Structure formats: structure tokens, C-alpha cells
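Have a look at the structure that comes next, please.
Chain IDs A, B, C and D follow the sequence of writing; residue 1 opens each chain.
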Amino acid sequence: MSARLCEHADEAVAGIEDGSTVLVGGFGMAGMPVELIDALIRQGAKDLTVVSNNAGNGDTGLAALLAKGRVRKVVCSFPRQSDSYVFDELYRSGKIELEVVPQGNLAERMRAAGAGIGAFYCPTGVGTLLAEGKETRVIDGRTYVLEYPIKGDVALIGAHRADRTGNLVYRKTARNFGPVMATAATTVIAQVREVVETGVLDPETVVTPSIFVDRVVQEADRT
Amino acid sequence: MSARLCEHADEAVAGIEDGSTVLVGGFGMAGMPVELIDALIRQGAKDLTVVSNNAGNGDTGLAALLAKGRVRKVVCSFPRQSDSYVFDELYRSGKIELEVVPQGNLAERMRAAGAGIGAFYCPTGVGTLLAEGKETRVIDGRTYVLEYPIKGDVALIGAHRADRTGNLVYRKTARNFGPVMATAATTVIAQVREVVETGVLDPETVVTPSIFVDRVVQEADRT
Amino acid sequence: MNRNSQLTCGQGPLDKHAIAALIARDIPRGAYVNLGIGQPTLVADHLPADSGVVLHTENGMLNMGPAAEEGQVDPDLTNAGKVPVTELPGAAYFHHADSFAMMRGGHLDICVLGAFQVSAAGDLANWHTGAPDAIPAVGGAMDLAIGAKKVFVMMTLFAKDGTPKLVPECGYPLTGLACVDRVYTDLAVFDVTAQGLTVRETFGTTVEELAGRLDLPLRRPATA
Amino acid sequence: MNRNSQLTCGQGPLDKHAIAALIARDIPRGAYVNLGIGQPTLVADHLPADSGVVLHTENGMLNMGPAAEEGQVDPDLTNAGKVPVTELPGAAYFHHADSFAMMRGGHLDICVLGAFQVSAAGDLANWHTGAPDAIPAVGGAMDLAIGAKKVFVMMTLFAKDGTPKLVPECGYPLTGLACVDRVYTDLAVFDVTAQGLTVRETFGTTVEELAGRLDLPLRRPATA
């Protein structure tokens, strides 16, 4: 179904349930859907599993969600950063679970979820701690680890522009995980800088077609 | 390494060896690299395995390559068309092998080759003739077939524009298999309508980055 | 052409345009839909202009428009049947792996496919007669059959030789197992359910008559 | 900053800029290269302006330019270390799955990574000290280690406490098995070969001296 345009981020995140797996776009701050995360904090869903490349910086965005105690588990490639003190403290005190996933596996496992792939044999991590206990197979003389899809109940992503049907374009390296997460979640919610009339975006340049997008909200400081 | 700009299609296809697996882009005539195929006919490589969505139409392009007896095997999703008489005759007289692959598997198996995936569990074809003898596995209650990558020695693709480093953009549904095949072959040769100076293509709109492209030739009737 | 065929419940058998109109009526507003090659493409002619239905073509496009008329033909813009088509506002292009990921990942709401046979369990046979001299060609049928959220079949209920196409088990090679949700035919519309085949509507015939001609148990809808 | 360090064969130990210059010298014209977070990023400063080397950053870009200077900072344009960077002509952007497919599919010519340890067999340890209170964080290191055609390591040969970082077997948790091709250090450059470690060059030391300090058999290059 076509995307629904929301007036406010609070409307966009309505209905996210306790216990949901939430895919959160962004790589550092680039592409991070900050207004949606803030709205999710207000919305109150708890016991969440968050899948994102990082585990929050400073006191805002993802770190603020963590600080509120809403997140049971983080699945990410790189939790540790210079200012990831909120996560660090929760982790060290045993208040949050962590699954570290190689960044390429994080992306490919979400792609698999979006593409209907049941599992795939992956060359990354063979012989490492992160493949311990996982099935392996030698194919054509090379060893691979079997990896399973990561599917979200919800994806919160940031994009540059949307048209009124939900087609999305991104800008520079803020594209990162957005297009992949948009394929991998049941409900996909996009925060964009600008909503344009349908027909304005060049169809050759659409990166996330509207079929993947459920709700769109324009950033409040741009409306 | 950056792509090499070739003066003529004959230069672009030089060195393709007998016995090669050649991925040929296009869906019907849209995106079909006709000048490269004609050059391959002149070049003379034989005993080829051709991977393409179709098995040639009429007397030109892929059909002409088949008619010359250069192709040992065709891997495709849809060989039979109203004017596929060249293939039909070769097939019925036992002069060519055929592996029919569901169209999505054709695309995904080439993507896997390009992405370093060793094999993947795929929902298509379960319980059908095309999965006979293939390994299956039940994951989360659903049955999947294990599919392996299709890698090319060479890919011949058609695109709309290239810059001098080999970045490619496509046009409308002529995009089809080109971007996937460009990731899946050792040597990727692109026929384009126009070569532009590097910096002219908007980096947001590049579909096949130059890293995948080895040789580029502008169509002769446009030079 | 009979693009204006109206649904004539109770009358029948329906022609292909009337079946297409029936299917179009059942497609929700704003749905993302793939119409298979052949008769299913007729469904597009019966979608209301304001339906918001978005057509997908597996060769890499959403918001595909009608067939190109003379003067509109662009060799770079075709549908899955290689027929020149047009582009609607809100269109997007993507490559084949992305297009089939979209199909196989369960993102299309509905696909409409033709069939040689459909079984009582919803198995579909539509790609291969199995004849020894037939050249097999599957295209995207197997991917659509297992990928779309709902698979609608559009076919005549009986083959030209009078044999039923809705059967206890398919004799032709399968396209997909237990993948069909609903079967639209010239004589009736059937839902494939866990309890068996349910007749939704009949056209110029009755459930009893159909039960006599088909080698299958048929149920009436729960509300009937 | 010492961006102009010259390679001073025979003199040593080299500082990090001189190691970076050495690596830059060995990158072929037009190569597609990923420079890991930290010291490997220094390699970019030593590539000739006309090298045609194309830098990849795993957060989705080819033809990445130098770090952004004041006034150029764009929050939408960073490298894998989240540092604002710039864009060169011929750039392309792509999403994370495509970026890592590029890495894992063997399309990058070279990646340069830092390391805690490298083993004689080319095993790499660079993501985790294994300390009980360490928070593990792998990023894209494992994908780069197994994906690039050639993996170059840039490190000091000895840790601050004097223990060798080129070792018979890694004690730290591994990033990848048998994935390193060449190790650039302050004291020597080593090739990892099927026959063991070969010393390509030394800086202010000799192969014999190094053999005495490392618990490893070292070979001289075949041509030496």
C-alpha cells in the first residue's frame, strides 16, 4: 500500500509495540532519524531490540532511548565509540544485551530478510569468535559461515526527499543502511527533509521505491 | 583498475577465450549489447556458455552467435519466444545444452557471485522440476532450495552513459540485468550510447560504479 | 475489444474481459500488483483511474503505465512481455536482482497469473506442459508464485478439450506448491482455503453443477 | 604533521608517515583501495595527485576525497571513521549492502588495515583485545580482511611493551584467517607467503637482528 504522510513524528511512530525489533538507520549521525527516535522515546515502547550500526553517541537520539531503559538488546557492528558512554555504562552493568555483527553481515542479513532468502553462506568471520557455534561449509575450497536474516518489526530511517507516494532519495553517505532496512521491516517509517509532489523525483534516481515505505514525515524544523 | 575506453567494439571484446562463460545483458532487446555480440561473433571465441535472460530473437545478436555454432550451453529463464527459431532448432537437434533457471534465481545467483556469497537458501522453485536433485532445508517452517552463484568470465552489457572512469547509468527498463552482471564477471565490457567527461554524472545516480567496469565502448552509430 | 464488460453475476460464462473486471474489482486501493504475461494484463484496463494501484513489472519498474501508443514507443521501456509501455508519475526503475528481491521478499500485495492447472491445495502449474518436445521456459513465474502476498489465478475453468483445470492434483509440472489464494474463472471464483476449495461466486451455473463437473469437493462460503 | 617524510631505506625506525609513504608507493595506478580507520588513512596523503587511485569508504562511496576543511563540512558526507570528507569527480554513492558486496565480492584491489597482531600464516587480529571488560566492536574489519584482493597491514613491529606483533600464532581474537598479504612496519616490510614470512626491506636493522627479536623464521626475498 502507498505510504501515509504523517503530520508529526509522533503520528509516524504510533503503534510500535513493546518487544519490537526496531531497525534504526544511520552511520554515526549521517542518516540517523533523530526525530523519529525522539518520538519513539515519547511513545514509550519498551523491551526493544535495536538493530543499528552503532549503539548511540552522546546523550541524544539512540543514546537517549538506551538511557531511558527501553532497549533490551542491541545488535550492531560497532558499539564502542569515543562518546558511547551511555551504552558502555549499561553494558558494563549488565543492563543491556549486545550482539556484535560484522558490518557486512549486518547489511547482508537485513538484505536477505528483505529479499526472501532463508539463509546464506558468508565468507566473513570464518574462524573468529563471531562465528563460534555457527554452521560452516566448504564450497569450492573456501569456508563459509551460515548466516540468517535479520528482520525488523519496524524500521526508522532518514532520507533526503520523499514524494507523496513514499519514493525516497538519499544524499551522499547518509544513504548507508536506509535502503536496506527499508526492505527488511514490516513497517517502514522514514523521516525526510522535504516531501515533494509525486512526479518530481526522477524515476531513474529513486533509491527506495514507495513499495517499501509505510509512513513518511517531514522533519519538524523544515516544515 | 579504472575502465579502459575502447575505440571499437572489436577492441573491447579482444581476448575472450574459447570455453568462457559469457553473461549477456538485456531483456528482449532492451539493454541488449548488440554491437558487443556482433564483435564477439567476429572475434571467434567458441564453446561458450552464455548466461542471459533469453536465448536470442530473430537472426541477429545472440541468435546470430548461436547460429554460428559458438555456444555450447545456454543458461536462461525464458528461451522460448515467438521468434526464437534459431535456438529452438539447435535445441531440438541436440546441438545446444539448456539450463532453465527461474528469472529471480538467475539474478540472485549472479548477485551472489558478485557479493562473495557461497550459496543461499532460496524460496523459488521448491517442489518443482527445477529444484530436482537440489539440497533443501526447512528454515522457520518454510522450505528453501540451496542455490549456488553463477560467475562469468566475461559480461557484455549495454548501458546508457558512461564517464571516462567507467561509471555507468542506465535508462528505464533497459537497466535490467546489466548492474547485476557487472558485479559477477571477471571482465566487464559495457557498450554505451555516450561517454561523458568524468564529473558529469551525478554521483547519486550512478548505478554501476566504475570499480565493476573494465572496458567501455561507445556505440558505433553514435560516434 | 470488450473493455467495458460489466460483471454480470449469475450470468455466464464470463469472457476474459469480464474475468479481468472481476479481478480489478477485488484489488484494494493503493495495492502493489504484478500482472502476469498474457490475459492477466487485461486487469489493468479495468482498474479505476483513481485506484492508486501501482503496477510492478519484473524487468525493473514500479508505476508502469499503459501500453505505449504509436509515437510513444521507447525501446528502453517495455513490460515483462517485451511490449512497449509507458511510465506514470511516481515511477521507479531498479535492476533485476532488486526487482526479484521485491517479489521474493513478499513486498507485492497481489500477483495475477495464468494457469494450466491449479490443485485443490493451491499448487500452481503454469510454465510447462511436460510434453517431451516442449522447450521449457519459466521466466519469472516461479518467483511470483512464491513471492506475492496473494496469488490470484485467471483462467478458464475447463480446457478446450473439456478437462477441468481445477484438479485434485496437478498433472503438469508445478510452478509452486500451495501458493494460489484465489482462482478467477469464466464459471466461478474459488478461494483456496485450509479446508479446501470454497466457491465465492458462480456465473451461469451453480455450485452443484460445478461439483458434478469437477472431481473435487467444493464448499460454499461460510456466509452463504 | 610530517607529510613529507621520505622513504629512507636502511634508516629507521620509520615514523607512521614514512610507513604510509611506503604503502602509497606500492599501490598501483588506478587501484581501488580502502584505507582502514586510524593510521591507514595517512596513506592517502602520500598518493601522487595523478595516481588515479580510487578510495572506497565502506559507508557507501567511491572516489572519496580528502578530509573536509572548515567551510566544507557536510554532515551527510563522512568516511568510515565518521570524519567529514569530500567528494572527487567520478564519485558514486551506494547503500551499505552494495558497499559490502563490493568488499566481500573481491572487487577492491587493496585494503590497508591496522593490527594488534599478524601471524606467520597471515592471520589478522585487529578488532578485540579479548580483555574481559573490553566491549567488542568489529565494524567492517572482518569484511575487509576477507574481501580485498590484497590486504596490507600497517603497524609497529613491536608493541609499546616490546612484545612482537608479528607472531607465530595470534593470541588476540582473530579478525580473519590467512588473509594478510603484506605487513608494513617501522622496522621492516614482510610478505606473507606459502613458504612463510619473507622480508622485503629493513629500516635501520637487519634480517638477522629481526630474526633474533621475533620468534619466527624469516626468509630473505628470492632475489636478495
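Here, contacts are C-beta pairs under 8 Å (C-beta built on N, C-alpha and C of every residue); 3 or more make two chains touch, one makes a residue touch a chain.
All of these numbers come straight from a predicted model, not from anything done at the bench.
In terms of the stated touch criterion, the partners common to chain B and chain C are A, listed by label. Looking at B-D and A-D, the interface holding more C-beta pairs in contact is that of A-D. Centroid to centroid, with C-alpha atoms defining each point, chain A and chain C lie 35 Å apart. With centres defined as mean CA coordinates, chain D is found 29 Å away from chain A. Distance from the chain C centre to the chain D centre is 55 Å, each centre being the mean of its Cα atoms. Taken residue by residue, chain C touches two or more other chains at 61, 87, 93-94, 100-101, 104, 146-147, whereas all remaining positions touch fewer. Residues of chain A in contact with two or more other chains: 108, 111, 115-117, 122-123, 170-172, 203-204.
Those chain pairs judged to touch are A-B, A-C, A-D, B-C, B-D. Contact residues of chain A toward chain C in the complex are 1-2, 111, 113-117, 163-165, 167, 183, 198-199, 203-204, 206, 209-212.
By the touch rule above, chain D contacts chain B in their complex via residues 28, 30-32, 52, 54, 56, 61-63, 87, 89-94, 100-102, 104-109, 146-147. Chain D contributes residues 57-61, 74-79, 82, 87, 93-97, 99-101, 103-104, 123, 128, 133, 135-143, 146-147, 173-177 to its touches with chain A in the complex.
The residues of chain A lying in touch with chain D in their complex are 27-31, 53, 77-80, 87-88, 91-92, 98, 100-108, 110-111, 122-130, 160, 170-180, 207. Only residues 108, 112, 115-123, 137, 139-140, 142, 144, 148, 169-172, 202-205 of chain B touch chain A when the two sit together in their complex.
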